[in-house]
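Below you will find the structure I want to go over with you.
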């Protein structure tokens, strides 16, 4: 029941997470920052703008991104296979990529290509993480993970660290905000969306927050307090990282993911399988 | 990624405060060719200075060439026109001019450095840099009455004096600023990701810097010790002990470091200037009309600024020629892009601290 | 009057490139800019240089009485950064300079040679 | 959409374009983003993207080379939108009035709603101008101006007949 409510209200919850994040970021930069409700103000403003679309397919792909993102979250929360949730997330990002590369703007096309680089970097790791959950818990089902009596974080410390360092890639945060890169390609894939269509992307991002932090929560197993601590830790950590790093090149991101993060997670999985 | 994508950078772009257009041909995000258009800001100031304005008012026009180095333009013009009129500003006025010029340099350098951090994706460093800069802006507002366009120069002196209390206030605030600047300096110097983004990018060798006649912090970052403050007599820099700051790395990182070093040196210069502030008038009367011609070099925050003035004994000058620092740095900037990544293009452009409104006038 | 430390080399349009080539040493001198002055129907062009080592010292190669329809030689192959000043000279005075194009600053075809007094 | 208009005044996204000013105003815009003035308190962000912007912040006299870019940016912004002209140069050219390459002010090219005086305007003046712009923006949105077509006169002024 709680997961149904969580799924339905995921955009709203994600909006609040984003609002908190904007305040935290502003305070870290010694600013006041916007009010907590700011993302919703943005949301309602965008709804009232005149809809301008490049072509209908482009707009459709923007909405597809939002729907697939929500669907991935629903699959994740409503107790289906974790692996399927990961694949639905891939579909969501692919919709974004296809939409972005269907227009002529070079920023949009560059952003789409960079978004693919993001996928190459983090998707193998997501799959590895799900597999490691299977090895620990013995099931792909979220319910079993949440009822697992041990502490997955103790079995999977390296996977957790690798996942922590992947969050900046998933949520477009500073060392790896390559696809969004506001000062380079002005938002990348989202540049050509406007008004209500941009809204779909904007809220899709909020859902992604919930999607990502759910995974962080799973590392607590049945100990929900541990999960909550891990989520708060992950939230603060990525904000700190966001505020203390410069943006790196996409080549460096892919290298980092494949040379450091994936071997690290794989090592954890191998050790787990041996023991 | 992508066989050949043409990426426009400007004339409207979030990383650029002013209109300049670069058109990059990229292949896998590596730049293979570049087209530059610097003419967006051309307003025709040189023409207006010799037709519409009398020599007493030209200064107001010339300071509005650029908001960053407005005081340098006023300095260059007034140094030249005072030569032509054969007046000499009193010592106290010269010192006040020096103080304002150096304060202007500090705020310009801090903003330039912060902007490089911003386009490198390091938003927090931008915020910290600009936060410190507000101290200087307060000082400037305190002394001159405005934050950006000061117009404190007048022929034969300055408009406003620095009172004893203000001098004390400046000293106190500058010492505070120095601590803060040293803190941020540490970040520019040692931050790992910022180093990854800036070290070794767009390297200019000493030989290239000389061949292309690079000026300002860009030249000094390559080890070329050129500075109009040392090479031309226009303000009492010798008396306050000016030294040229150089680095030898010649990349984006070194340019930031040079600017940061200059900020600290400028703070020292101002402190010394305030300690030795001579007593006396701040303005002398002049008479006559400008006649003859003169060449002036002054140091703007971005480098050497050249002025040529020619008067013919009437109220209106015959020729005003302004050659600004970015003007002589654009040729090498154009050469630097080829072979660099597109994601490094913004730090490269901003590390030159380009001033298009100066360049096109 | 003129600054006491400015050294002026009077030369002619045919010889100026040769003169600069023989004199210029990029390790010692610093190219500043090219400046044109309209002296009542005739153009005066200065090639201005400064010294890295000597304080206040400047050198000027000066060609006077250039009519507006002569071709002005380019020094861009001696000093690679000189092209900008040459392009600007062309825009501002509507004179022909070797290897230049119109339109670095002035793109409107209605505006011709703003710094010339007869236009 | 009366309900949504309630939230309108809290999220102005800014597009900034310099049309040939002296940078002074642009420095102040950067200062406004920075900690001391922090315009994000009001929800304002510097988006740099005409398609997602609500307020067009123009600085400087419009030079002839910048004119077309400015016009295009204005047309690319979806309605409702507000134009703010910042600085003395924007008001009829300022010190650059009647120079040969200058178009004398922003309102010769696009319709302007708010003027911010000063050379250069203080960041406080800029914030005040943005607040003023938000009021006009709200009114425009209530009048559903974005549902109407541009008047013939304005289309002529913008020169988009043959675009």
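Quick notes on this structure:
Order of writing sets the labels: A, B, C and D. Residues in every chain begin at 1.
Operating definition for what follows: a residue touches a chain if its C-beta (ideal position, glycine included) is under 8 Å from a C-beta of that chain, and two chains touch if they have at least 3 such contacts.
All values reported here derive from a predicted model rather than from experimental measurement.
When the C-beta pairs in contact are tallied for B-C and for C-D, the bigger tally goes to B-C. If you average the CA atoms of subunit A and of subunit C, the two centres end up 59 Å from each other.
Remark: subunit B and subunit C have CA centroids separated by 24 Å (rounded to whole angstrom).
Distance from the subunit C centre to the subunit D centre is 41 Å, each centre being the mean of its Cα atoms.
For this pair, subunit A with subunit D, the centres built from the Cα atoms lie 35 Å apart. Shown for subunit A are the residues that touch two or more other chains, namely 29-31, 182, 186.
Touching two or more other chains at once are residues 105-107, 114 of subunit C.
Touching of two or more other chains is recorded for residues 34-35, 48-49, 65, 100-101 of subunit D.
Interchain contacts give a graph that is no line, ring or star and is not complete, per the touch definition above. Chain pairs that touch, as defined above: A-B, A-D, B-C, B-D, C-D. Within the complex formed with subunit B, the subunit D residues making contact are 15, 17-31, 33-36, 46-50, 60-61, 63, 65-66, 69, 73, 89, 94-96, 98-102, 119-120, 122.
By the touch criterion stated above, subunit A contacts subunit B in their complex at residues 28-31, 106-107, 109-110, 113-114, 117, 174-175, 177-178, 181-184, 186, 243-250, 252. The touching residues of subunit C, when paired with subunit D in their complex, are 105-108, 111, 114. Taken in their complex, subunit A has these residues touching subunit D: 22, 26, 29-35, 37-38, 40-45, 47-52, 182, 186-187, 191-195, 198. Interface residues of subunit C, counted against subunit B in their complex, comprise 1-3, 6, 26-27, 30-33, 35, 37-38, 46, 48, 50-52, 55-56, 58, 60, 79-81, 83-85, 92, 103-107, 114-115.
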